[in-house]
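First subunit A sits with subunit B, and in the next complex the same chain sits with subunit C.
Showing the complex of A and B:
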């Protein structure tokens, strides 16, 4: 399954160009189980991709980390979730040499969250490459309580913090690494449209 | 003549009122009987004496009450004021621009005395008398942008210029037409404008950005933007949409005249001297339909504009649900007579 093709949208909605070789560059790679396939693919098109790569694998089973380890990266680290990945990535970014590339692959939540951290640490946008694989679940910020709800697959959805029913906008904040959720029944409380699966 | 400041509210009991004088100087945004997005930019300041275009920063009868409303909003949600670390110098630039302008344009309300970096600022309407050291944030109770914009009507965005674009890297936003500073901080010109219908395809944003990037030191410009707001509420933020949203559905043919407001934004652009950032004040003016129809030209014209407006714009601006009631009401004030060009009322 290649990089997901999303339907055309507004200009703030991120698009993901896919992982392209940067031969010889040191790299930080962060992927989830579905995203690991994009890393594997990169390794097949660029034999030098892995030698200087530190891979952080989020929430993936042992077979996946074994498969990545077989590509002989500089390091592979497996962590249970994004919260655990955060300080590790922050440390890698703080130690990164000039020219280090950040490769992100997997869900929009993972890419949004990690790229926001990288940008805050001063990394340039052009040094971040992303490829969407797997679930189209979104990381949403509730505009009302500011809480983040990860893994949102329906529109509307319930804010996991304040409990308001929110509709899913395509408006995206790179700084927050999240889409915007806005109260769907603000004008007519209780009048909530039927729940639908979100589409790519 | 010294200015009288209204004791009024922009929430709860909504006691906001325009005096007859405030109505006559209202920045009515339509210079013809129809409306579509365009790059409507002109020199600022510049306009008839007494108009809101006369001075760099207009101060009017709502000043003190607006500052009180901003204080309430900030106390509930401090994220309405944000400044990324590299924007502090732009904040000082803005503070200087406002203090110098207000002290010059309203000498009986404000004064600024400078001895090198030792500054003495007096804001009489707000009862502030402050000595501080310019460029030393430790000598002010807030960062420079927050300090001065707690004393200046209107929202403010400070734009950092890089990579041929403008980045919204700081702002004070408590009277916005339904957009979130917290969400938009760090976005570029095209990203924060992404939700606006039609304008990008029309080339409006490309042209506007090109214009803004070319604004040089000492040049300043303005444009008017508008929307419709139910009740004279400054804080129509997405953050509080679930609180003010229900009020939008309270419009009836009986109350529309005094409950439905035309909300006009006087937006100005200033290139800042030290930081090279662009300051973008967004000053909000509110007038009820009943206020506006006291000027026959405005009643006729507003009726025609809202009757004929592109439905996508009515939707985006959020008044599609009340449009019919508004247009029916205004039709009483449209006798079909021609209107004169320009925004000012006929005498």
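Showing the complex of A and C:
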């Protein structure tokens, strides 16, 4: 399964160009189970890609991490979820030098969350490469209570923090690494459109 | 452009070629504060033309009591800097623009590396005061040929993160050593000769730095050259440009209305469309792209000149 192509939308909606080789560059790679395939593909295109790469695998089974370890990266760490990945990535970024590349592959939630941390660490956007693989579930911020709901697959959805019914917007915040969810029935409480699966 | 009529409060010879000037409001009123890297444009009346040169402010951006600049005398220039050196004295009145900034710090950076060559140290003198006040990590590297020429030495504070490289003393600046291993989020700023700016950009690219973290300002004044003529498309008026005059100055002297800001080929404000060109435009700006230069459809009158039979401007 290749990089997902999303429908054209507003400029704020991120698009993902895919992982391209940066031979010889030190790298931090963060991927989920689906994204691991993009990392493997990068390693086949560029034989030097893994030698200086620190890989953080999020919520992937043992066979996936074994497969990546077989590519001989500088290090592989497997963590159960994004919350556990966060301090590890922050630590890697705090020790990183100019010229380091960040490769993100997998869900939009993973890429949005990790790229926001990287931007806050001073990394330039042009040094962050992303490839979407797997689920098109979104990481949403409720603009009302500011709570984050990850893994959103329907529009509208219910904010997991304040319970409002939120419309899934394409408006994306790079700082927060999340799409914006806006109360769908603010004008006429209770007037809620039919729930639909979100599409790429 | 808002202008200020100021009093020359102090003139100090820093080195044989560099003088420091301090300007204050004649009534002692506070001046607009600015940001690190900002410049002012100084007016120098000279016969029928007003020469205007931009100079980086070297004083504390947060100090409204006066503006200070350092001017290096360029004997091969159009005469702006030598006018400052020979004709401007304490007590004179001088007209300057309010500060503008085309070389501001990127405040998202986690660390700033400032590299100044020769008189290119000037914009960093205000920037380092801003960085000190904001307690942002930085290091400054100042390169000069000899200690006698190094006006920056008198202007820089002594501190562990301020490095002076004097090539005559065998202490040449090693850009590889400066840039290699800088922490993520570092931005580099260079001001000085073209060669230094290119060398820093090269070294940064080799080390995989993103372009957005590499900043520069060339501190050029318009070069003199052979006289030429331009035609104004709207009126048919022919404006002669003298050898020691920039095209922008000639247009101003002829009463042709044209917008400007930096007068150094960096800001893009005076960009003018060329409606006819039989000859070669000598592009001396940092604004137009290589393709735009080759097309000869645009010119930056503040810096660029012309050789040929006919140049018509959309003015």
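Here, the second predicted complex is superposed on the first by the 200 of 200 C-alpha atoms of A that agree within 3 Å, B and C clash if a C-alpha of one lies under 4 Å from a C-alpha of the other, contacts with A are read in each partner's own complex, and residues count from 1 in each chain.
Note that in this section a residue touches a chain if its C-beta (ideal position, glycine included) is under 8 Å from a C-beta of that chain, and two chains touch if they have at least 3 such contacts.
Because the structure is a prediction, the values reported are computed rather than measured.
Chemist: For A:143, using the defined touch cut-off, is the partner it touches subunit B, subunit C, both, or neither? Pick first, second, both or neither.
Modeler: After superposing on A, A:143 lies in contact with subunit B but is clear of subunit C.
Chemist: So, A:64: does it touch subunit B (first), subunit C (second), both, or neither?
Modeler: neither
Chemist: Identify the partner contact of A:107: answer first if only subunit B is touched, second if only subunit C is, both if each is, neither if none is.
Modeler: Neither: A:107 stays clear of subunit B and subunit C.
Chemist: Could you let me know whether more residues of subunit A are touched by subunit B or by subunit C?
Modeler: The partner with more contacted residues on subunit A is B.
Chemist: Touching A:171, do we find subunit B (first), subunit C (second), both, or neither?
Modeler: Only subunit B is touched by A:171; subunit C is not.
Chemist: Contacts for A:13 in the overlay, against subunit B (first) and subunit C (second): which applies, first, second, both or neither?
Modeler: It touches subunit B, and subunit C stays clear.
Chemist: With the two complexes superposed on chain A, say which partner A:187 touches: subunit B (first), subunit C (second), both, or neither.
Modeler: Touch status of A:187: first partner only.
Chemist: Name the contact category of A:129: first (subunit B only), second (subunit C only), both, or neither.
Modeler: Neither partner.
Chemist: Hey, which residues of subunit C end up touching subunit A in the complex?
Modeler: It comes out as residues 108-111, 179, 181-186, 204, 207-213.
Chemist: Please output the residues of subunit A touching subunit B within their complex, sorted ascending.
Modeler: Residues 10-13, 119, 141, 143-144, 146, 164, 169-171, 173-176, 180, 182-183, 186-189.
Chemist: Can you tell me which positions in subunit B touch subunit A when the two form their complex?
Modeler: Counting only subunit B, the residues touching subunit A are 79, 180, 182-187, 190-195, 200, 238-242, 245-246, 248-249, 321.
Chemist: In their complex, what parts of subunit A are in touch with subunit C?
Modeler: Touch list, subunit A to subunit C: 22, 25, 93-94, 96-101, 121-127.
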